[in-house]
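Below is one structure; the comments refer to it alone.
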């Protein structure tokens, strides 16, 4: 009987002392990312970036002494799963804010949940519908540039080069579709005619047919809007066909992996890329340079590969939330107000943000640099 | 309907009524809602396969038609949600007739591929011509009845599981009456059925339509609950998922569809802790359950129960 | 009641039936016999519409039925059993008979699903009639048994019960005694006679058991290699030299 | 004309891969009547293993091909041993569902080992694309076509000239009779899995330099290959080839002359039309189908 009582006593003591130690309750941030499934190329760097920033802040002592915990839910690139994840994060885990989801569809799917529960969402997807109309998207922000901005960056270059007739080839996913709509919408403003509008599936093996059609239609440039293997296959086919017209890619092109996979076919491909991809080509006095340098070097040191455009999305959302937490503390509503009103000319990895009650994205076409592939590396297009 | 089915239904009804007091966590509630939605579609597939012996790899097509048709009707024409769901069910039924009339000449794998082709065509059409294209569209009116919106999770759960109960009662009634017996007979011997004067083709078309209507109801509920839909939720993978639910739960009874749907819906959530390996774990669990529970969970449990009962008597 | 006119059926190069004609008079117990491969089952399948004849016609109550689908023929009151049993093995004995009631009832999908009063009434009647049939064929006690679990003899009887549920005027029995022991065969014979006498059902029987055939049938047609070689009363058939020769060739003499 | 040729070449390239997958389906179907929906994963395994041996282990080209084939065959063997053999059921539906579950396991393993990004390696022969009638063909396309042709010939020779091949054919006609004359049917089933894994893997290795390969490409490939096999009539080698090429060319022509967004839909509609008019595929023998039963 005695030893048992002793153990019980010891346990009691342990429990008591444990509760006396000021073990700080962590601040919980949620994230819904397409870690697996069709959009996993987005979720992977986004997740890594968040993990890295979390460890960095905790190593530096957390937020006012409280550690930060990030609960990352894999949405499997599926809207139903994303909704489930949002409910779990908001109601069970009681997170202060949510980062993600990675795709427009999933973001749209979780908006009602976030709005009902009054929790800020900073999406990593580009779709305009995510933050517009702002009145109905009170709790929703995003760090991904509008597709419109990337299109404008491309069209500005085209106009400069005197190209007026283009062929468009897009992937039949939400990403490609959003790009396709933006390309059509902006074309008249820049005096550009789309002479061919082709599409392909995310797992298609050969796009020669579509490119041949574009060429036959008399296009002076090809614009491909996709992410994943498709953009490499298009590049290879474009190269093999010796089309004699330049190939432009979307901002999804910004991964060294693509140059590697396409080999010499990638030479001369032009794309509007975020500065995170070409940070070492920036002048030293650029506002984003130092933070990008640290971000990319840290990332590469910890994970193989680069964070790329998509890592930058969650880098910025995570930094915004952390900054707001430091300033106003873990209050869902105050965090939202801070992000909306206090981020002016705020340098991030994806660009320089200016948030306001009428703009919950805060980026424009200046977030992009036009970049050309040369000798297997990125070069700023002059 | 036999007494056992009646008792099971009563228990289920009691559980459904008690949902708000059992489930307080809205995340679990959401899981319940999705399970219920999947179960409605799975029951249709159960009757189609287990009773009439037809395989469909295109059930997600009807699910998608139900979701899109109902959403468009309610969003663009402002019709009340129940009317939209009924309208969507009619559209799905028509699609089912169009598919069934030529396909039912086909047997086994050929029929499977015809339904697969149908599902893919629906997916492509939604992708190309659906409102919002591949990106989908949102702001779909929420579930409502007589003008009162149903958005409270517990109320949505009641609605979904209420539909599920209705579908179950309807199905059990049907299966234990003239048409249902004919369907089960069809599974046993088509030769004998024709000698008994059964019009096999019409029966098959009707059961196909029935399964399409169930899938359509499920799709409509999904759309009005999530209020955002895109084609990716209605792809081939969802057809396979529904098939997996039915086979795992057991195709010989509609309860198999319900249990299978709940398990398949909950499984990925419980595997989250495996992180990177969750796909692998999911696949392994499916493989093992199919290997060891090949007749399906519900039939095996029922048999166990019956033998033990007999053992005691 | 049933008139078979010049039926020919060719499978590949084989003439399974070659210009066969005979008729089954109303209220009779007729039998179709012949050695293995004579074309008896082929004839049964043609009469019941499982496949069409190449030439010739089948008339039932003066209407040509050859070319109709099996289900359409069944709905005209011609039911059959199968040599290789075609029961609904996973369903209960009672349910098997209830399926037979299909064409005699009308509840559709929606009415049944909603269990409307009309459905309840019809179900009740179907159940009563089916139980009557089960009682008359001696399977009432096994009504909740799975059909596949019955012994062979009872399965054959259940097939007859199921056919009866369609309320036929003509019943085709394809080797009903195959695999039955002597006692079961005797019971079967008595049952067939009773059906014929009590319910007024005309019966056409294909059977190998000559004892049974000779005892119960009123008219017999004999096939050999697809051709009709004899027809007449049992006593005439037993004495017919062609028939004896045919069966001797088959090493299975009648009686 | 040039444009037409270009569409045709594109269709042939894609179609020959469908044909190879369709043949893989047929090999297993003939031995077991199972539709192996993990067939697409064999193709992915072929491509990714080839990359692994070539780029990661720096094995010379021919050795890499040999190793890939060997490993794929082994994976086919393991799949049969661990799932199909213990199952021993006549329930084709459960068997087919098991192949789906196995394909999920394979995807899980591939994701774990290779991650989610696409892989590629250099074409088998270096050099500029060939120009025929103004249309451009990548050299790798010839490899794909050549390998498909070699597989067709090889399989033909195997099934018609070797003892094992003849025994496998016997099993597909009538397993009971085959086992009566002393053919070990279960071993033939095992061979069929090995063979179909190898055929799939070879196709995967050949197509990767053109289309890239990633862990989750399998299901789409399986669906297309299945359609190819069905279009030609399940179980008919010749049928799968014609079916695969037909679908490939149809897709390419639709994309070229109609609209690229509709290419998959048009191919499917035509597949359905063929099925409705010839319920056992273009070369399927309806009576055979009826005799073989359900």
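By written order: A, B, C and D. Residues from 1 in each chain.
The definition used in the following text is that contacts are C-beta pairs under 8 Å (C-beta built on N, C-alpha and C of every residue); 3 or more make two chains touch, one makes a residue touch a chain.
All figures in this text were calculated on a predicted structure; none of them were measured in a lab.
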Each chain counted as touching chain B and chain C at once: none
Greatest separation from chain D - chain, by CA centre: C
Could you say which chain's mean Cα position falls nearest to the mean Cα position of the entire protein shown? B
Could you work out how far the Cα centre of chain A sits from that of chain B, in whole Å? 36
Rounded to a whole Å, what is the gap between the Cα centroids of chain C and chain D? 49
With chain centres taken as the means of their Cα atoms, state the distance from chain A to chain C in Å. 74
Going by the contact rule already set, what residues in chain B reach two or more other chains? 127-128, 278-279
Could you check chain A for residues that touch two or more other chains and list them? 36, 38, 172
Going by the touch rule set out above, which residues of chain D reach two or more other chains? 111, 261, 264
Which chains touch, pair by pair? A-B, A-D, B-C, B-D
Residues of chain B touching chain D in their complex? 49, 55, 102-103, 105-110, 112-114, 116-118, 120-121, 124-125, 127-128, 236-237, 240, 243-244, 247, 251, 276-284, 286-287, 290-291, 294
Touching chain A in the complex: which residues of chain D? 3, 6-7, 9-11, 13-14, 17, 111, 115-120, 122, 129, 136, 138, 207, 210-212, 214, 216-217, 220-221, 252, 255-256, 259-261, 264
Applying the document's contact rule, which stretches of chain D touch chain B when the two form their complex? 35, 83, 86-87, 89, 91-94, 97-98, 100-109, 111-112, 219, 223, 226-227, 230, 234, 261-262, 264-265, 268-269, 271-272, 275-276, 279-281, 289, 294
Per the touch rule above, chain C residues touching chain B in the complex are 48-50, 69-72, 74-75, 79-80, 82, 86-91, 95-96, 98-103, 105-109, 112-115, 119, 122-123, 126, 162-163, 166
In the complex of these two chains, what residues of chain A are touching chain D? 36-38, 40-41, 44, 172, 198-201, 203-206, 208-210, 212-213, 216, 228-229, 232-233, 236, 240-242, 257, 261, 263
